[in-house]
Every structure is written in C-alpha cells, then in structure tokens.
Amino acid sequence: MSTLHTVNKSPFERGSLASALAHALPGDAVLLIEDAVVGVRAGETAAAQALKAAMPGCAIHVLGPDLAARGIAADGVVDGVTIVDYGGFVDLAAAHDKVQAWL
Amino acid sequence: MSDSKRFLYVNRKAPHGTVYALESLEVVLIGAAFEQDVSLAFLDDGVFQLVKRQVTTGIGVKNFAPTYRALGDYDVKKLFVERESLEERGLTEDDLMEVTHENDDEEDVSSIEIVDRARMAEIMAAQDVVLSF
Amino acid sequence: MEDLGGLVVKFAVVVNEGPYTHQASDTAYQFTKSALDKGHEIFRVFFYHDGVNNATRLTVPPQDERNVQKNWSELAEKHSLDMVVCIAAAQRRGILDADEAKRHGKGDGSANIAPGFRISGLGQLIEAGIQADRLVVFGD
Amino acid sequence: MEDLGGLVVKFAVVVNEGPYTHQASDTAYQFTKSALDKGHEIFRVFFYHDGVNNATRLTVPPQDERNVQKNWSELAEKHSLDMVVCIAAAQRRGILDADEAKRHGKGDGSANIAPGFRISGLGQLIEAGIQADRLVVFGD
Amino acid sequence: MSTLHTVNKSPFERGSLASALAHALPGDAVLLIEDAVVGVRAGETAAAQALKAAMPGCAIHVLGPDLAARGIAADGVVDGVTIVDYGGFVDLAAAHDKVQAWL
Amino acid sequence: MSDSKRFLYVNRKAPHGTVYALESLEVVLIGAAFEQDVSLAFLDDGVFQLVKRQVTTGIGVKNFAPTYRALGDYDVKKLFVERESLEERGLTEDDLMEVTHENDDEEDVSSIEIVDRARMAEIMAAQDVVLSF
C-alpha cells in the first residue's frame, strides 16, 4: 500500500510539508502543488534541505504549472525533484493506492 | 471491491479559529452510519481539539467539544493522538478529555490511544480512504 | 484521450474552499478535467466547507478573469458530472436551491445554486469514499 | 457605558473572512460591540475578500449556532453602523444588491444582500483609514 | 508612536507570531487572539520561550475568551502575559497609536 | 487631524495560492487616488509576489504581476522588501522584477528598496495606517 501525499502550503510559513515528510513511508511519493512549490527552488534553504533529506526513501514531485506561476524555472529546482503537469498529477494519484492531502 | 473500507479522518488544525474541526466531526457522525472501519488521527495542532474544559460562551460560538465524548455511542472507537505533537505543544495525556466506549464486556474503556510518529505513519499507511480537513 | 490499456480509475474529488480566495477549486478543476481527458471516471465532485460557495450562480468576475463557477458547470454539462453541495455547509453559508429557498421563506427567485450542482447530504461524501478507487481532497 | 473622560476613539473595522469558516468575523463583531459599549465611535465596518460573504441574507445556520449575518445586521440597526461591502470582492463571490442583480441580468429576487449592508467601492476603505483614529483588521 | 500588534494563528503551525515579535519595537504591545492563544500555555515550548524572550521590551497580552475556548486556564499561561477581554482589546487599540494585524 | 496620512500595505503571503496579493494590489491602485503617503512592505512569503517571470497560463488564473510594474504610473514609489525574508527563501534582489518610477529629473529609478529587518520594523513604526492582507 503506497500513498501519494499532496502538500499545498509554503514550507516557509507552514508546517505541512515537514509533517508530510515525517509521515511518508519508503515507496510513498510527495507532490507539491499551489503555494508549496516555492519550497523546491534550489538553494541553501531549509525547505530544499528537508526535501534532499527525504528523497532517498520518497519520490518528490512538483506541479509544473504552479512552478511557472511563481516564476521558478524548470532548471531551478532541487536536484531529483520531478516536474509533472496536471495529467502527471492524475497519473500519480492512479499509481498509488490512495491520496492523502496535508491541508 | 468490498464495500467495507478503512476510513481515516485526519485532524491537524486547532479548534474554534476555523470551522474545520466542527465540520469534520459532522462527517464522522454521518459516516458512522455506513459501517466502515473508522479511525480518527489527531496530530500537529489537531491535538488541541481534544483538550478538556473548552468553554466557548465567551467567543459566542457553539461548543462542539462534548460531541467527541459521544463518539463511542456512534461506534467510533479509535482516536489516535500523536505523542510528538502533544510534546511540542507542552501537552500530556492528562490535558485531554476522556473519550470512552463500551468494550465487549460492557466496560467503559478509553477510545484514545497515544501513538508515536512512526506508529502514526503506519496507521495512515494502512487506510483505504483518508479524509483531511 | 490517452490509451489507458483498460486501466480506468474511478476518482472522487472533494473541494473544501470557495472560488478565488484559494486556488483549491482551480486545482481541483484542472485535476478533474485532466482525469476525464485521460479517460478516467469521476464518480462525484463533492463541495464541502467554503467549497459550497463555488456553486453560486451570482458571481460576476471581471471580464479578464476565469469564471470558476462556469468552469465547473460547463465541465459537468460536458461529462455528466455529479456535483454535490453539502446541505449543512450550504445552509451555514447561504447557498440554496429552489426547495431550500422556499422551505426557509427566503422569497421567490432567491435560489442561487448554479446549473450542474445539486444539494444533498454528507452521506454522499462517504458514499464517494466507498465507491471510488481514489478520493482526492483539495482545500486550504 | 463606561466613562471615557472624553476620550472617544473613532475606529474603522475591516473584516477579510466570511462567516463560520474563520473566527475573524466573530472577533470583529465582538470588538465592534465592545467599542460601542465603551462609548467609542465606529466610523465604518468594511467587508473585503471573503468578508463580503458575511452580507448574504440566505444563510440558515443550525438553531443552536449563532447567526453571524444577523449579529451584524442587528448591531448595525441598533447603532446606525455604516457597513460597506466591497463591490469588486462581492462580484467575484456572488453578493449582489437589487441594482447589481438587475444590471447583470440575474433575475428578479436574486439580490442576496442582508439588511444593514451596502455595496460600494474600495475608496470607502481608504476613506475609513483616513478618517478613523484607528483601523483594525480582522482576517486569516 | 507605539503599535498594538495582533496575531491570530497558532505559533506551532505558522510564522506570524515569530514575525510579529521580530518587528515589534520597545514600547509596543502584542495581543494574541483566536488560534494564536495556544502559544501562551506555560511550559517548555518553543512558543513560550519566544514570548519570554520578547517580554522585556514588549508587553504580551492574550484574549481571555479565546483562552477559555481552548481549555487554557487563567493560571496556566506564561508568566507575565496579561489576560484581557474584548473591552481590554478595545482599550489596547485605543491606547496605542495604531494596530497592525499579522494575518 | 490632517487629511494626509502615512499608509503601509503589508504583504506577507505568496501569490496565486490565495487571492490576497491580487486583491491587496487593487486596494493600492484605488488608494493611490487619495494622495496619501503610500508604502508597500514585502516580507515573509510576501517577497514571492515580486519574483520575476511569473507565468500563470498553466494554472488558468489571471497574471497580475505586471501590475506591480505599473505602480510608478500611479505615483506609488516605495516598495520595501525585507532582506532576511529573501535570504531565508534562497532569493536575491536579482530574482525580483524591475519596478521603477520617474524621479524629479525624469529618470527611471527603482522603486524597490531592500531593507534589513530592523529597518523594516522602523518603517512599520512610522506609519499612521497599516493595512494587512
């Protein structure tokens, strides 16, 4: 049983990304959408470090249209993070046994 | 597919400042009639929902906290509370209200189980449907 | 439409926030549209909490902005979507159909529910969780 | 009413969230009521963002819950409060008075604004900031 | 020119209390309302420590009706924090030159 | 009391995920007609509002970011951005869009001033009216 965790809040202002990462199990995936995408910008931020630390066990995805809306270039995201479109979001939801939203 | 599924209601928000805790509880009560396997998870600020002696007359809003205590009557018996969330907020089990249900021997037993974060992650992983509010 | 090789998934979508203030309704709409484009099934879209506000026919957004309610209504029309507005949440927030408007004495013409939405109980949310393969929640 | 020794303050109050979902409207109401009880002046209450949703006459909250819209309407009646709903925010969210309903062809009886509220422009917010001694914002 | 800063979000989930305290000047006051009141519970929490560190320069108040709604006893708050009712909120707003909300 | 006051608009939220940034900007534009002393503060996640190359076609919502660049035409000339907020988010001044206005010598000069937290606190303290969204 694997889970797709969705996070939609900025990790600089809210605890939801940290909480999602702390509860994701190996084989799970995390998808950052809406304001959460500001956390995947490459750099020495707390959010980038948290994502890097999580990635050995957990795949990290980010919604491309939300990235573009926040002015983040596709080549400006943390290494290893996969960019998906809405269709990719649907595929991820279909590929995991359930979806858990961290609102 | 079987018609019986494991439902988890995830509560991560403080009560009263927003309506999510109240309206989530309304879903739990309605959902109880569907005879699924129901669990409630309280973590992060959601642990404040179970703090005892909530008195809302001063803010002019309805106090729904007593409804948690009635969950046993609806056959909702599994309330998991995350230990780390309590500790970070300076709370202990003693700060939480009593929520009980009758076991097979007709004894009142606590519906609240304090679990650590690793166990909470396992509980979440074991569900079929996760409703977050 | 993509070839799914028979892998059609039955989704249920839950929308917990109203239009414009939060992006949740927009994201849910894009997700639902993409799922349908890919040949998946949408068992139901359930509007709860402030999500019920997506169902008002009275919005008049600026010409150069998207019309969130219209987006949903048109998607429902095209794909025969079942879009359910929670009655308890709707009563708190002032979303009424003709029956409800009459029952509460709100006057002729007061019904403000938009085409494609119907008002029903929370049981419809639980049923969606039971019947769908995946339930996806969008909110704040 | 307390003796202020002549120290009457002119407050403006801004409400940025709708009823029930956030406590902001309740807190703003309690603040406004207390200020009036203490003999202060309320220059204006301005409803912006989802705050415009406080002004719908169509809510039917459960019997054992407070009625947020009614609380405001009654306070306005008692103290001749000037309660202004931002027109741009209201159009996005479906709050209309009779003129607006007609102008946008929404049909007879569609106006859903509650007693004591009036729809006007954002200039009324700026004016409140200029005229009042203190502007207090309640939101999410 | 002194300011009354209002904070209405839980400091365990949001950054608004930390940001308000970081921008308050000596002579200012901070009032915690709504969900923010969970931060004033006495104990070894990060929120309690932040409030204690701020108090030499800045008066900290909390709205009593919101405390009661969250089950926090009047004698269970961080030392030095003053409890006020809605009338006290009005008095604080009147006593400072302006009110700044940290939403 | 004078009819001219110092107005500060405080922006602490990211754009697009919520409407606050857009609707705040609408207030600033209307407010400009009132000829008060107007400043905008961008701190915490509000600094993301000024990031350049925002493209919103993919999410289906209107892109209001270009409006910031028009603020100079409305005589709104003071945009203060907090340095610490930028740094914590891995941003530098180069990541921000250009917002300019014409100075008295008819030269285009930047309306954006990066200030440290202590200076931001002083700017806030100096205002008569603070509008937060």
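In order of appearance the chains are A, B, C, D, E and F, and numbering begins at 1 in each one.
Convention: a contact is a pair of C-beta atoms (placed from the backbone, for glycine too) under 8 Å apart; a residue touches a chain by one contact, two chains touch by 3 or more.
Note that the coordinates shown come from a computational prediction; the quantities given were computed from them, not determined experimentally.
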item: Chains touching both chain C and chain D; value: B, F
item: Contact-richer chain pair (by C-beta pairs counted) among D-E and E-F; value: D-E
item: Where chain B and chain E are represented by their mean Cα positions, the distance between them in whole Å; value: 28
item: Chain A-chain D separation of Cα centroids, rounded to whole Å; value: 39
item: Intercentroid distance (Cα basis), chain F paired with chain B, Å; value: 42
item: Distance from the mean Cα position of chain F to that of chain C, given in whole angstrom; value: 35
item: Multi-chain contact sites of chain B, meaning residues that touch two or more partners; value: 16-19, 44, 59, 61, 129-130, 132-133
item: Multi-partner residues of chain E (each touching 2 or more other chains); value: 8, 12-13, 15, 34-35, 65, 85, 98-99, 101, 103
item: Junction residues of chain D, two or more chains touched; value: 16, 20-21, 23, 27, 30, 49, 62, 65, 88, 92, 135, 137, 139
item: Pairs of chains found to touch, sorted by chain label; value: A-B, A-C, A-E, A-F, B-C, B-D, B-E, C-D, C-F, D-E, D-F, E-F
item: Residues of chain E that touch chain B when the two form their complex; value: 8-10, 12-13, 34-35, 38, 41-46, 48, 64-66, 68-73, 85
item: Chain A-facing residues of chain B, complex; value: 10, 12, 43-44, 117, 120-122, 124-130, 132-133
item: For the chain E and chain F complex, residues of the former touching the latter; value: 1, 3, 15-16, 19, 22-25, 28, 97-103
item: Contact set on chain B toward chain D in their complex; value: 16-19, 59-62
item: Interface residues, chain D side, partner chain B - complex; value: 20-23, 26-27, 29-30, 62, 64-66, 71
